Each structure stands twice: as C-alpha cells, then as structure tokens.
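Next up: some structures, all given as structure tokens.
Heads up, the next two complexes both have chain A, just with different partners, chain B and then chain C.
Moving on to the complex of A and B:
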C-alpha cells in the first residue's frame, strides 16, 4: 500500500517593503525549513514581490473555527466608539501623514 | 612536429570570443535544466529548476546581446540558433543529458561553485563597464543557484540509501568533465592581458576546497581527481550529446526562420 509520501506543508508570508507587515502568500511543500524558504522564494517571490519571507509549518498554526465567528467578531459591530473616526485629528498631525 | 600557435585575434574578436564562451555555458546548461519543466520531482522543485533555467538563459541572452552589439550583428538570436556544434564554446559538462535528479543537482552544484569563483574574480578584474555590470547583476543569481544546489547535495548525500548512491554515482560520473573548467588556452591568456578574463587555473584550489567541504558534510566521497579528464570543448570538440541538444533547440527557428510570437 502506498503511504502518504508528500512533504510537510508550510505557510508562506512575505514582507512587501521595509516596515510593512508580513502578508500571507500561500503555501508550499518542503522537507525542511531551509528548503521551504527556497521553495517559497521560487514559488512566490519571482516577480519582485517583497524583501523578506517567513515560512511556518502549517501544523503549527492554531486557527479559529467557523463556529467562532459569532463570539470572536460580532462584539465589534455595536461598539462604533472603538473606531477612531470620531476623534478630530489636529491639523499638524494630518500634515505629517 | 610542433606548430607555433599565434593569436591573431583583434580586440573586438577577443571580447566577443570571451562573451560567447560565458554565454554558451549558460545557454546550454539552461536548456538542459529547462528539460525538467513538467518533470520535476515535486511541483515546487519543478518551479525551482525552471527558475534557474530561466536565470541562466537570461545571462546568456544578455551576453549574446552585448556580443552582437560589438560585432554589429542586428540579431543576437543568431548565436543561439544558427551556429553548429563546432561553433559552440561551452564546456562539455553542461551538454551532458540531464540524467536523474541527483545528476542534474550534481552538475548544477559543480558548475555553480565554478561560476561563483569565476564571477567573483571577473568582477574584480574586468575593466569594461558594461561587461562588468552584467557580471555583477548575474552574480546575485549565481549565489542563489549555488545555495539551492548545495542544500540538495547535502540532503541527497545524507538522505536515504538510494539518494546517497545516486548522487555519489553522479559525482563519480561527472568528475571527468570538471578538468575543462580550469584549463586555459591561447585566447584566454591573451584576454587576461586585456583585463577581459582571469586565470581559471587559479580557481581550481578554492573550487576543490568548497566541493570537498560540501561532500564531507553530505557524507559523500570526493572522486579521484587524478583521473582522465575530457578536454577540447572550448575549441569546439564536443561530446555527441551537443548535436542532439542543438537539433531540438534550433529546429523551430531554422525550419521557420520568420516565425514570431504574434
């Protein structure tokens, strides 16, 4: 019987520029971390997409489930004061943006 | 009977010859790597091999373009598609059939270590700005090719019994084609005087040291360096494999000279 011989899965994140947050690009198969990094480079960084790459074993990611949607995200909907648009921004700060 | 070889090449012919030697190595190697497209052991490795192939063909294209400008030839594709095997100046190592994955990786590794030391030295030496600029640009990609192939040598060597055997066989088989990388001829000696090339025989020691260290780490044995070495490719005396490769690579362009992408 054929056993599953696929390499482990890795999630790939890339940083589009200096100081920018890392973004999820996709995933690759690789036997270990160094090869995951190289495969990520060859799969997702061929067109000048970024300046840094992270690879993380997919099984190390803990994810919320669809059932968590309510408890996790609903409370945000009725607390508009959590959004900053009600505060007037001083002109000097605006200019510096 | 001895015959005095005199170099009668003009400066223009000399730089073109040097550019073509570098370019031919990269075009033919790139073509061999491109044969893996769709046949890689894993999707990711398929992409990696195709990337390296594209890099090398890109290096060749830039070198051909510059040679064409110097020669006043309007079409750099001429060098790739309309020369015969005797005109190609690549080393035999790069024209050998792609073999199995271990064989391809071994060749890539041995050639990348050589390219690394060659380009490092050329960048220090070459005074022609345009030529030097190209070398610097390509050097970054060569470093990646070296890293990728070296990591695979370690994994295949220190992997399973089968991967170890396959890559050890590959090193043993390809070794006789490594001598050519470090042999010098009249053209190269003259090119050195003009700061267009470097003494490749001096690259042998650092190359061997690097290969030796990697093989030790990969639990592989260094092939016997004191063995028969293939020579003559730089002068156009190739193995039978180059003709077959060119037949495939050049067929379309020669049969349909007016074909274009439109």
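Moving on to the complex of A and C:
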C-alpha cells in the first residue's frame, strides 16, 4: 500500500553550547513546527549535542548556487585592504604585541 | 561546458579531496550510485532495529534493557540521518522507503538472520556493529558531503554499541558453563554472516571500482574485511571465545590474519531473498508502515486545522 503524501521537510540547526553559533545538523519530516522541534531533538540531540534548536521549513531557505559562485563572491577578491595584513606597522610597535 | 568537460572538472575536484555538495554539478551516474548506496544503508539501519528489538522485553536486567532501548533508538536515528542525507540528492523519502517495502531496494544481508538467545544481542554489538564501524569510518571520508557528515555522526555513537556488546559477551563468556556455551554458540552463528557484511570479494564486486574512483568509498571490500578480522582475532582471545574458522592463521610476512573460505553461496541466497528471516523482516516493516498510515494522516490533518484556526483568530 503506497501513500501519496509525506510530512513536510524541515532543516534542523542546533547550538552546540553556550555562546556557540548554530550549526546545520540535517533535516526531519514533521506535520508542524512543534513536532519538527520534537523530532529534531530525538534525532539530532540524544546526547546533549545541542542546548537550543531551530527548525526551518526547507522550502523557505534560499541558497546561493554553485554555478554563480565565481561572480557572486568576486567582489571580495580584490579588496585586500579589508585585511589587517594589508597595512604596515613600525617594527617596534609590532614586537610589543 | 559540455558534459565531458564538466565530468573532468568533477573528477579533478574528487582527486583533490574536495567534497561534493548537493547543488554542485555531478555525473548522473554518481547521483544514481549514491542514491542506491545511501538508501540501502538507511534501510539497513531501520531493519536492524528488528532483530534487537525482539529482545527488549526479555532483557536480563533493567540496566541491559535501558542499554538495548537506547541502542535501538540510535539505529532509528542513524536511519534518519541517512534518509535525510539521501534526500539532498533530490529524491523523496517516501519513494525511498516504498522502493524497499514494495520494490527492489535492498538492505544488508546480516539482518536476515534470527536472534535466538540474548547472547546474540551481545554478539551483534561486538561483531555486527564492530564491522559497521570499520565500514562507516571509511564512509565518513566519502566524497559526498552530506553522506560523509551523516557517517561521522553515526561513528560517534557506534562505539557505544560495540562496547556494550563486547562487555556483555565477556561477562557471558566468563560465566556459568551454560552461559559460556550460549556465548560460543552465538559467535559460531554470527561470524561468517558478519564477514559477508563487507560485500562480495573484490573481483566479484560490480560497483566497487567506480565508487572508489569517485571516492565514495576509499577502500575495497576485501581491505575492509581484512582490517576487521585483524582487530577481531585479538578481541576474541581476550574474552575466551573462539572464532569458528579452523583455517585462521597469522601471516608473519603480511602482518595479517588469513581466514578460510567464506560461504558465498549462502550470501547470494540471502541477498536474493532466501535467508532465514527475509520474509519475516519485510512483513514486519510493511505492517508498521501500513498500520502507521492513519497516524501520519491524522497528524497532518491536525496541523492543517490548527493553522486554519490560528489564521481565523488573528
């Protein structure tokens, strides 16, 4: 007996510890946000891997595409002056660090 | 770029040790092979709950019951990590599951053997999960990012599975004569099927070469099998059980343990659906899927109604 529908897909993010940024864990299927959270906990945090979880409907995520990766990120390529290494500092000052 | 050029760039990325991510271009055959292999892996985790679940209500103590429950729950989790990773290739989970329940998708032959005593639970942890660790440690380096990450997650949990089994078997092997007999009997029955878990010998493995070229796998079936045998011989000795292979002997030159002829006829028979438990396993999985259908529908309908009411109220 086959079925023709399945529960919507949610992407799961968890915070591994206090002060840490959220990380993507994987996905779960669930009928609503509340069950998505519970399923995410049972699937991705059985051993206290996270202290907080986000669930987001997968179809609500907009991602950059690999085909555009060159033109999309190249505005950053020629701006070496955004990095501290671009600037010179007198030797004596450098040493004191 | 035409397909040939794209394939060359793809292979170069693989050879450089780069990971392939879901939206990256990949050869159609790479995608197909991954879907086959990853969903097969996921189905195996799910079916793998059955032989062990069989003993939860009859665990010898509360502690062992809690341990077994946690382990079986982990297996469900592993199945879900893997389905989730497979879905990134643009397939629906429902179709994957139904292809196994009503179609041609396969799962590991090991789960078509029965668990006759509690010693089988010990041996499954030690040997079957031990073999799975060898395989999954390699797959954690797989070229497909989501698959590698799912396996990494699995590996972190798998060593608990192996250790609880090994510890319990050690206890049993050092117990009463009757317990010792149970332990040895279980080792005798599971040893050869465990060696078959790594798949057919290299010269008869149709998918291996391609999977290695694409770095989906980085070692051959025979290499993995050998590394499992090498580590298991020592573990068996330490707890006083005997591996049922009279030809097992150490080769000083290679530094490996050589093993006897694996009963491959049995392997092919089980793969083709004629193992001791094939029918039973499929029946149990179909029953769970079909009898759970109304629950899935009801939950969906409840969510829809709740959303509708919330919309009305605001």
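The rule we apply is simple: the second predicted complex is superposed on the first by the 70 of 97 C-alpha atoms of A that agree within 3 Å, B and C clash if a C-alpha of one lies under 4 Å from a C-alpha of the other, contacts with A are read in each partner's own complex, and residues count from 1 in each chain.
Here, a contact is a pair of C-beta atoms (placed from the backbone, for glycine too) under 8 Å apart; a residue touches a chain by one contact, two chains touch by 3 or more.
Just so it is clear, the structure is predicted and the values come from calculations on it, not from any experiment.
Peer 1: Applying the document's definition of touch, where does A:65 land relative to chain B and chain C: first, second, both, or neither?
Peer 2: second
Peer 1: Check whether A:28 is in contact with chain B, with chain C, with both or with neither, and answer first, second, both or neither.
Peer 2: Both partners, chain B and chain C.
Peer 1: Examine A:15 and indicate which partner it touches, taking first as chain B and second as chain C; both and neither are also allowed.
Peer 2: Touch partners of A:15: none, neither chain B nor chain C.
Peer 1: Which partner does A:7 reach: the first (chain B), the second (chain C), both, or neither?
Peer 2: After superposition on chain A, A:7 lies in contact with both partners, chain B and chain C.
Peer 1: For chain A, which side has the bigger count of touched residues, chain B or chain C?
Peer 2: C
Peer 1: For A:43, decide between first (touching chain B), second (touching chain C), both and neither.
Peer 2: It touches chain B and chain C both.
Peer 1: Could you give the residue numbers on chain A that contact chain B in one complex and chain C in the other?
Peer 2: The answer is residues 7, 28-29, 31-32, 35, 42-43, 46 of chain A.
Peer 1: Per the contact definition, I'd like the list of chain A residues that touch chain C in the complex.
Peer 2: 1-3, 5-7, 9, 26-29, 31-32, 35, 42-44, 46-47, 63, 65-67
Peer 1: Taking the touch rule as given, give the residues of chain A at its contact with chain B in the complex, in rising order.
Peer 2: Residue positions touching the partner: 7, 28-32, 34-35, 38-39, 41-43, 46.
Peer 1: Sort out for me which residues of chain C touch chain A in the complex.
Peer 2: 21, 23-25, 70, 73-74, 77, 80-81, 84-85, 87, 92-94, 98, 102, 146, 149-150, 153, 157, 289-290, 293, 296, 299-300, 302-303, 306-307
Peer 1: Give the list of chain B residues in touch with chain A in this complex.
Peer 2: 42-45, 47-48, 51, 144, 147-148, 151, 155
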